[in-house]
Structures are given as structure tokens and as C-alpha cells.
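Common to both upcoming complexes is chain A, partnered first by chain B, then by chain C.
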Partner chain A sequence: VQYERVGADVTMKCGSMDWDAAVTWTVNGTDIDESRLNGSYLILKNVDLSQSGQYFCYEGSSWHLKYQTYLRVGTPPKEPVLMCRSNNYPKGFYCSWHLPTPTYIPNTFNISVIHGTKDMVCEKDAVPKNRCHIRYLQLFSTVKYKVTLTVTNALGKNFTTLTFDEFAIVKPDPPESVVAKPVPNNPRRLEVSWQNPSSWPDPESFPLKFFLRYRPLILDQWQHVELSDGTSHTITDAYAGKEYIIQVAAKDSDIGTWSDWSVAVHATPWTEEPKHLTTEAQITETTSASTSSFMAPPTTKICDKGAVVGSGAVAVCWTAGLVVAAYSVLFI
Partner chain B sequence: GDSWGIFTFLCAALCNLPALPALNCSEELGAGQSIQQTYDLTRYLEHQLRTLAGTYLNYLGPPFNEPDFNPPRLARAERVPSATVDLDLWRGLTDNARLAANYRAYSRLLCYLRVLDGQVGTAELRHRLAHFCASLQGLVLSIGGVMSSLGYPLPAGPAAPPAPPGAPAAPNDFLKKMDDFWLLKELQTWLWRSAKDFNRLKKKVPPAVVTLRLEARGF
Partner chain C sequence: MAAADSPSTALRRRDLCSRGIRLAGKMRADVVDLLDVYVEQQGLDASASVAAVEGVPLAAVERWDEQTGTQRLLENLAAYRAFRALLAQMLEEQREQLGEADAGLGRALAAVLLQVSAFTYHLEELLRLESRGIPGEEGDGPPPPPRLSLFEQKLRGLGVLRELAQWAVRSARDLRQLAKPGPATGTAPGLAESP
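After this line comes the complex of A and B, so read on.
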């Protein structure tokens, strides 16, 4: 195998053949035009990726194979991107890395972790490949960790370093099993519950706090609630009848940063079931005498949508009216 | 030079003062000398320390105020109590041992900080340090209160080392600054560890509601 940089000029010699010998070159089974040759040498100027392949050189008349090589065109590695994070505090942390641009040739990664004067071993994960993990031997360390990642290939090498305190890289995984349910007979409530991320090993001694955000699908503005403990919360100011999108994030209660947002859940608050029309008409007739002074105007649309008859109807109408008013204020 | 000798001598002298000016010694602590309050205090102190440390490290100047400054730990610096602990050991600490470790650590750290207070140049730093020392004193008392309410004996105050023989030599300025740097670092680490210590205690011990009458206490 022969490795060459993109843009380089490559000269291939046909083994021990003299410069003026008659030869034929092929690449991936196709003959190469004579114009590319300088005597028996193959000249490739400013190589690009498409010129990677298997090259053969045959003696002119006998067609004996005199030379072969596999050419791989690539680039030396750029500075790698390294990230370290503790999502399982206090057990340890993991580091993962990747190259910002591909090199098109094989690369080897070497990672070293130094804690003060001690060298630590970062155990490589099978899956995903570009990742390794370390177990903490000591907790509450004043000395920083220094992680160096070196990437090497046939055309060059590069490296990057991260230095951090134990507590700075703590970032839990997002909360799991987020569930949002309507609350019966409460048109403005939604009950949200979730669980600690399963990767967090000790929520008893290392409790998490949570951040909840929610909005109706039709609006862009999120509402936020920070919860210092507990894995459930009841939203009490939801707009009646509107579908909501809800997400939760987690953080160690004292150190580190917030997790990514959890998977979003959708929920709509409880709404009254619409009643059958004829039943409503009958009841209205029988109670009209006692409730005449509070009879809702027949043109009010929301009330007609199946409001409960009697003074209860007025209450629902008023609530609905307030909601409409709130919406109209928003949309002005 | 033996700046540490002077340091510890000063510390011993200051720490054996019977009356602590920043403290009203006869205090009746109302309802709620609880673990929760101690936890809250550590969080408050951690917040205060961030500002104090920033100011102080700037006062020390480079490289101490550089964010990447990561010096090796010199043997001399280990006189400051370290919060670093083996994970399983930390988990297995009894409530008494856990509280006592905190009590001892902060008592000594407070001592060292008071020496610092006597030496710093700017008025702003002196003011900040004094305020911080007062809050830290409150934390030590809070921890002591929790221990007493749980029936644990308070650990003895920091031992007074003997005065160094002969004339004290001039301290090395850079090494002195290194000592200050590590003092602040250990303080920061202890406050962050205490939050975790008290979280653990919160779960295991119900909040103790206690009224204490404190006497002037020499450390």
C-alpha cells in the first residue's frame, strides 16, 4: 500500500525496469494512456481521491507483471474534536472524539489521561468505537484531569488536549419515561411525571434537580419551571383544550451542567364531553324559570358547544370567555 | 525559609483567642438548626467564594489568575486539609465521622483564612475576606450544632504547633502565593464536597430542630 496526499505529484517506477523500457500501466483493470508516462514511469500530477486504486505495471511485449501497488490518496489528520463528560457521577466519566473532516485513509487514535502525577487508563468502548471510559478512584479532587488525544495516519499526526476539574464535566442524561396526562374535571391542568435517567447511579446521595418547559403547540414561547426535587409536577395554567408539548431536563443539584432536553411528550388538558342536543333543550325548558336572569345569550358560541345546563353553564361560559380574552390579547 | 512555620504559629495564636470578634458568642439559635440549613449555608459560601477567589487570585497576579493554571501539588501544601477521598471510603463514613471531618476541615481552613486576612494589601480584599470568615464561622457553628443535637462530641480544635526556634526566615514570595492558591482551591473543593455530605445526611437523619445556647468558644 502506498499513501499519498491529495494534491501531491506521484511518480511510480515500474520496479527494476529501466527508464526507457516499454511498459503498460493499468489502474483497476483499465489501461492508462501513454501520455501519462515519462518513459516507464507513471506520473500522476495533483492527485485526487478518484485516483486511489490498484496499479499494475506490465512489461511491454511479454506482459509479465513487474510491479504493483495499491495507491490510497488521503490527507493528514486535522485537529481532532474531543469531548469528555460525566453522566454517571460519581462513578467516572467518558471521553469521545471524532475528526472534523475525513482523511480517507486509516487513522489510529491514542488517548492519555493524566491526573496530577498519575497516569490513568481510559478503557476503550467496543461500541461506539471512538469512545473510552474511566472510573474515578478518588472523589472531590482538587487536581485537574488532563486528557490528550493523538490521531495518527500514514500522512501525519495531530492532537488536542482537554483540562478540566472533576465537577466541571458533570452532565446527566435527560430524564426518562416522561409522561403527561390530563387531570379529570380540570380543564387547565396537566400532570407530568418522569424518572431519573438510568445512567445516574446514585440519586440518593447525588440528587438531581429538574427543569420543565411547556407550551401549547400553537405558541412559540415556552414556560419554565425549575424543580429542586421530586419527579412530578402539575401544570395549572394550561389553556383549555389546547395540545401541549412538554420536555424535562436534569442537573446534579450542586455541580455541572443541565442535561439535554428529554424526548417531547404531547398532552391536551381534560375537556367536557359535549351533551346530546335534545336533552339540553328539554332541561333548558324546565329550568328557565329559576335561571332566567342568568341565562347565557344564545349567540355565545363556546357555550353552545355543549355547556352544562343551569348556573354551571354560566361558570363554564365565563371561564371560556376569559380564555378567549387571553388569546385575543396574545394575538393583538 | 520556613514560611509554614510562621504560618502555623500565627494560626495557633489567632485560633486560641477566646473571643472571636466576628461572632456574637452567646447566641440562641432558633428553631431549625438542621442539616438543611447547614446545606444551604455551604451553597451560599460556595457562591461567596467564587467572587472572593476571583478577586484574590487577581491580587496574586499571573499565573495564579489564569484559568488553565494547573500546578503540581507540592508536599508542603498538604497541611491544608484535603477533601479528596476514596469513593468507597466516603460512602462508608458514619454520620459522626462525616460531620467530624467537615467540622475539623472548616475549623482549620477558617484559621488559615484569618491569617491571610491579616496579610492582604487592599482594603477591598480585607473586607471581602472578613465577610467570608464570618460566614465560614457560621458554618462551623452550624455543623457543631448538628453534631451536638445528634449527641456526637465535637472534635478538639486544631492542635497548636510549637513556635519555630530561632529567628523566622523571610518567606519565599512565590511559594507563599502557591500556598494561598491551594488554600482557596481546597476551600472550594470542601464546599462542593459538603453539599454532597449533607445531601447524604439529609436522607439518613431527620432534620434536628434544636435550640442551643452557645458559649464563647476557643478553637
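After this line comes the complex of A and C, so read on.
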């Protein structure tokens, strides 16, 4: 195998053949035009990736194979991107890496971890390949960890170093099994529950706190709630009848950073009649001034088009009108 | 011998642990704030590495999860007694160096010292609860160190506060372990006799 940089000029000799010998070069089974030859030498100027391949050189008349090589065009590695994180504190941490741009040729990665003066072994994971993990030998140390990743290929090498302390890299995985349910007979409530991430080994000794965010789909602004313990929360200020999107994040109670947001779940608060939501049947919400528990008429389709009285923005289904009238009487 | 776990003992232990956890959390928050002030007012680099200072108890521990409850309490007690003496010394040095010019830093140091004292009391109570003898203090404190230069004092102070911040996190974890109901074996993570 012959490795060359993108953009390089490559000259291939046909083995021990003289310069003025008659030869034929092929690449991947295709003859190479004689214009590329200087005598018996193959000249490739400013090589690009497409010129990678199997090259053969044959003696002119006998077609004896005189030389072969596998040319791989690539680049030396750029500075790798390295990340270390503990999602299973206090067991250990992992580091993962990648190259910002491909080199198109094989690379080897070497990682070293030093804690103070002590070398530690980062055990490579089978899957994914670009990851290794370390078990903590000590906890609560103020001594920093220094991780150096070196990447090497046939055309060069590069490296990067990360220095951090034990607490700074603690970042749990997002909470799991997030469930949001309406609360029967409560049009402004949603009950949300979730579980600790399964990768967090000891939530009893290392409890997590949580951050919940929610908004109706029709609005952009999130509401936030921080919860110091427990894995459930009841939202009590939901807009009646509106579909909500809800997410939860987790953090160790004392150290580290917040997890990514969990998978989003959707839920709609309980409404009086279980109907499908429709955007055409928007009914202006009205509230009674005499009570805060008045249920705004749901934006659900509760009448047929034929039962609509009026038109345009003030079109009101007569059934809905009856409902509104009944509630108004109750609460005046 | 581990005391029989009567309901009142268990309740008292849980109460002491949960109050201790809250105190440790508050202590850590205050120490972290104090560190920022200290670094700024002492003209230090926040990222400076400070070598382990003699007499400052290191929070770093191996096999933390294998410690018995008694080990946890005794190590915590020794550490906070040492911090109590170190902080008192820092306060004295502050007053000598800066007099009234830095009353804010002095007050913050004094507040943390008070919390350290309160936490020490908690630990002693927990040990009493287990009918453990409380180790005497005479041998605990470090011998008076040789007179340090002003810069060395500042660096030591940085080391003390950093290590105290780590201890506050460790102590909360230790108390959570203690508060766990454990099986009555010698190797339980809760309060059990070390073999």
C-alpha cells in the first residue's frame, strides 16, 4: 500500500524497468493513457481521492507484471475532537472522540489518562469503537484528570488534551419513560412522571434533581419547574383543551451539569367530552369573573357544520352556546 | 458494639442525617462563594494548582463505597475538626494582615467556620447515638506549622477552602449512606461495626 496526500504529485516507477522501456499501466483494470507517462514512469499530478486504486505495470510486449501497488490518497489527521463525561457517577467516566474531517485512510487512536502522577488505563469499548471507559479509583479528589488523545495515520499525526476535575464532567443521561396523562375532571392539570436514567447506578446515595419544561404546541415559550426530588409532578396551569409538549432533564443534586432533555411527550388536559381536537372548530374561550375554576369551553368539535349560527369570527355552534349559557347561569 | 436500632434511635439518626445533609449543602454553597471572593481579594489565579498542604485533610478516598458507617463518621469528624482549626487560623491571619480593611472576607470566613463547627457537632451526635466513644481532640489538630510567608499563607488558604468544598460534597454522600436502612452485618454500608 502506498499512501499519498491529496494534492501531491506522485511518480510511480515500473519496478526495475528502464525509463525508456515500453510498459502499460492500468488502474483498477483500466489502461492508463500514455499521456500520463514519462517514459515508463507514471506521473500523477495533484492527486485526488478518485485516483485511489490498484495500479499495475506490465512489460510492453510480454505483458509480464512488473510492478503493482495499492494507492490510497488521503490527508493527515486534523486535531481530533475529544469529550469526556460521567453518566454513571460514581462508577467512572468515558471519553469519546472523532475526527472533524475524514482522512480517507486508516487511523489509529491512542488515549492516555493521568490523574496527578498516576497513569490510568482507559479500556476501549467494543461498540462504539471510538470510546473508552475508566473506573474511578478515588472519589472526591481535587486533583485534575488529564486526557490526551493522539491520532496517527501514514501521512501524519495530531493530538488534543482535555483537563478536568471529577465533578465537572458529571452529566447524567436524560430521564426515561416520561409519561404525561390528563387528570380526570381537572381540565387544567397534567400529571407527569418519569424514571431515573438506568445508567445512573445509585440514585439513593446520589440523588438526582429534575427540570421539567412544558408548553402548549401553539406557543413558543416554555414554562419551567425545578424539582429537588421525586419523579413526578402535576402541572396545574395548563390551558384547557390544548395539547402540550413536555420534557424533563436531570442533574446530580450536588455536582455536574444538566442532562440533555428527555424524549418529548405530548398530552392534552382532560376535557368534559372526549373529542378529537380540530383547528377549524376554534371557539373563543370565555371565563367567568366570579370563579377561577370555570372551565373554558373546549376547542373541540362538538357540533356539525349545519348547527352553526352566524358566520366568520363569531360563528357559534348552538350546542356550544347552550353549554356556555348553562355555565354562566351556574356561576353568576 | 453497634447499638440496637430502636425506633427512636433510627428516627434520631435519620433526623441528624437529613439535617446534616442540608447543612453540608449550605456549607458547600457558601464555601464556593467564599472561594470566589478569596481568590479575587488575595490576587490569586483561580485555576492555580495547589499541592497538598500539610495538615489539610484530603477528601479524596479510595473504595468509598466499601466504607462502614463508623469509618465514615470518624473520618468526617477528624476532617472537620481539622478544618475548624485551619479556618480559625486563616481568620486570625486575615485580621493580622488586613485588619478592618477586609471585613467582608473575615465575616464570610467566620460564617463558614460556624457551619463547620455545627457540622462537627452533628457528627459527634451521630457517633454518640451509636454509643461510639468520641475520639479526643488533643491528637487531632495539626502541630502549629512553621511561620509561612504571606504568599504561602494565601496558597494554603486556597487549598483549605478547595478541600473543604470537596468534603462538603463527600459528607452529604456519606450521610445519605448512613441514612440508608442497612442489614445487620459487619460490612453494611450503613452504621455497622467494622470487622
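Some notes on this structure:
Following the convention adopted for this analysis, the second predicted complex is superposed on the first by the 273 of 332 C-alpha atoms of A that agree within 3 Å, B and C clash if a C-alpha of one lies under 4 Å from a C-alpha of the other, contacts with A are read in each partner's own complex, and residues count from 1 in each chain.
As a convention for this text, a contact is a pair of C-beta atoms (placed from the backbone, for glycine too) under 8 Å apart; a residue touches a chain by one contact, two chains touch by 3 or more.
Owing to the predicted nature of the structure, the values given are computational and were not obtained by experimental measurement.
In the three-chain model built by superposing on chain A, chain B clashes with chain C. By the touch criterion defined above, A:255 lies against chain B and chain C together after alignment on the C-alpha atoms of chain A. In the superposition on chain A, A:182 makes contact with neither chain B nor chain C. Set against each other, chain B and chain C differ in how many residues of chain A they touch, and the higher count belongs to B. Using the contact criterion defined above for the overlaid structures, shared-chain residue A:117 touches chain B, although it does not reach chain C.
When the shared chain is aligned, no partner comes close enough to touch A:53: not chain B, not chain C.
Contact with chain B, but none with chain C, is seen for A:146 once the two complexes are overlaid on the shared chain. The intersection of chain A residues touching chain B with those touching chain C, taken from the two complexes, comprises 90, 137-144, 167, 204-207, 254-255.
The touching residues of chain A, counted against chain B in their complex, run 90, 116-117, 136-144, 146, 163, 167, 204-207, 253-255.
By the touch criterion stated above, chain B contacts chain A in their complex at residues 43, 46, 68, 70, 72-73, 82-87, 90-91, 182, 185-186, 188-190, 192-193, 195-196, 199-200, 203.
On the side of chain C, the complex with chain A involves touching residues 25, 28, 49, 58-62, 64-65, 162-163, 166-167, 169-170, 172-173, 176-177, 180. On the side of chain A, the complex with chain C involves touching residues 90, 137-144, 167, 204-207, 254-255.
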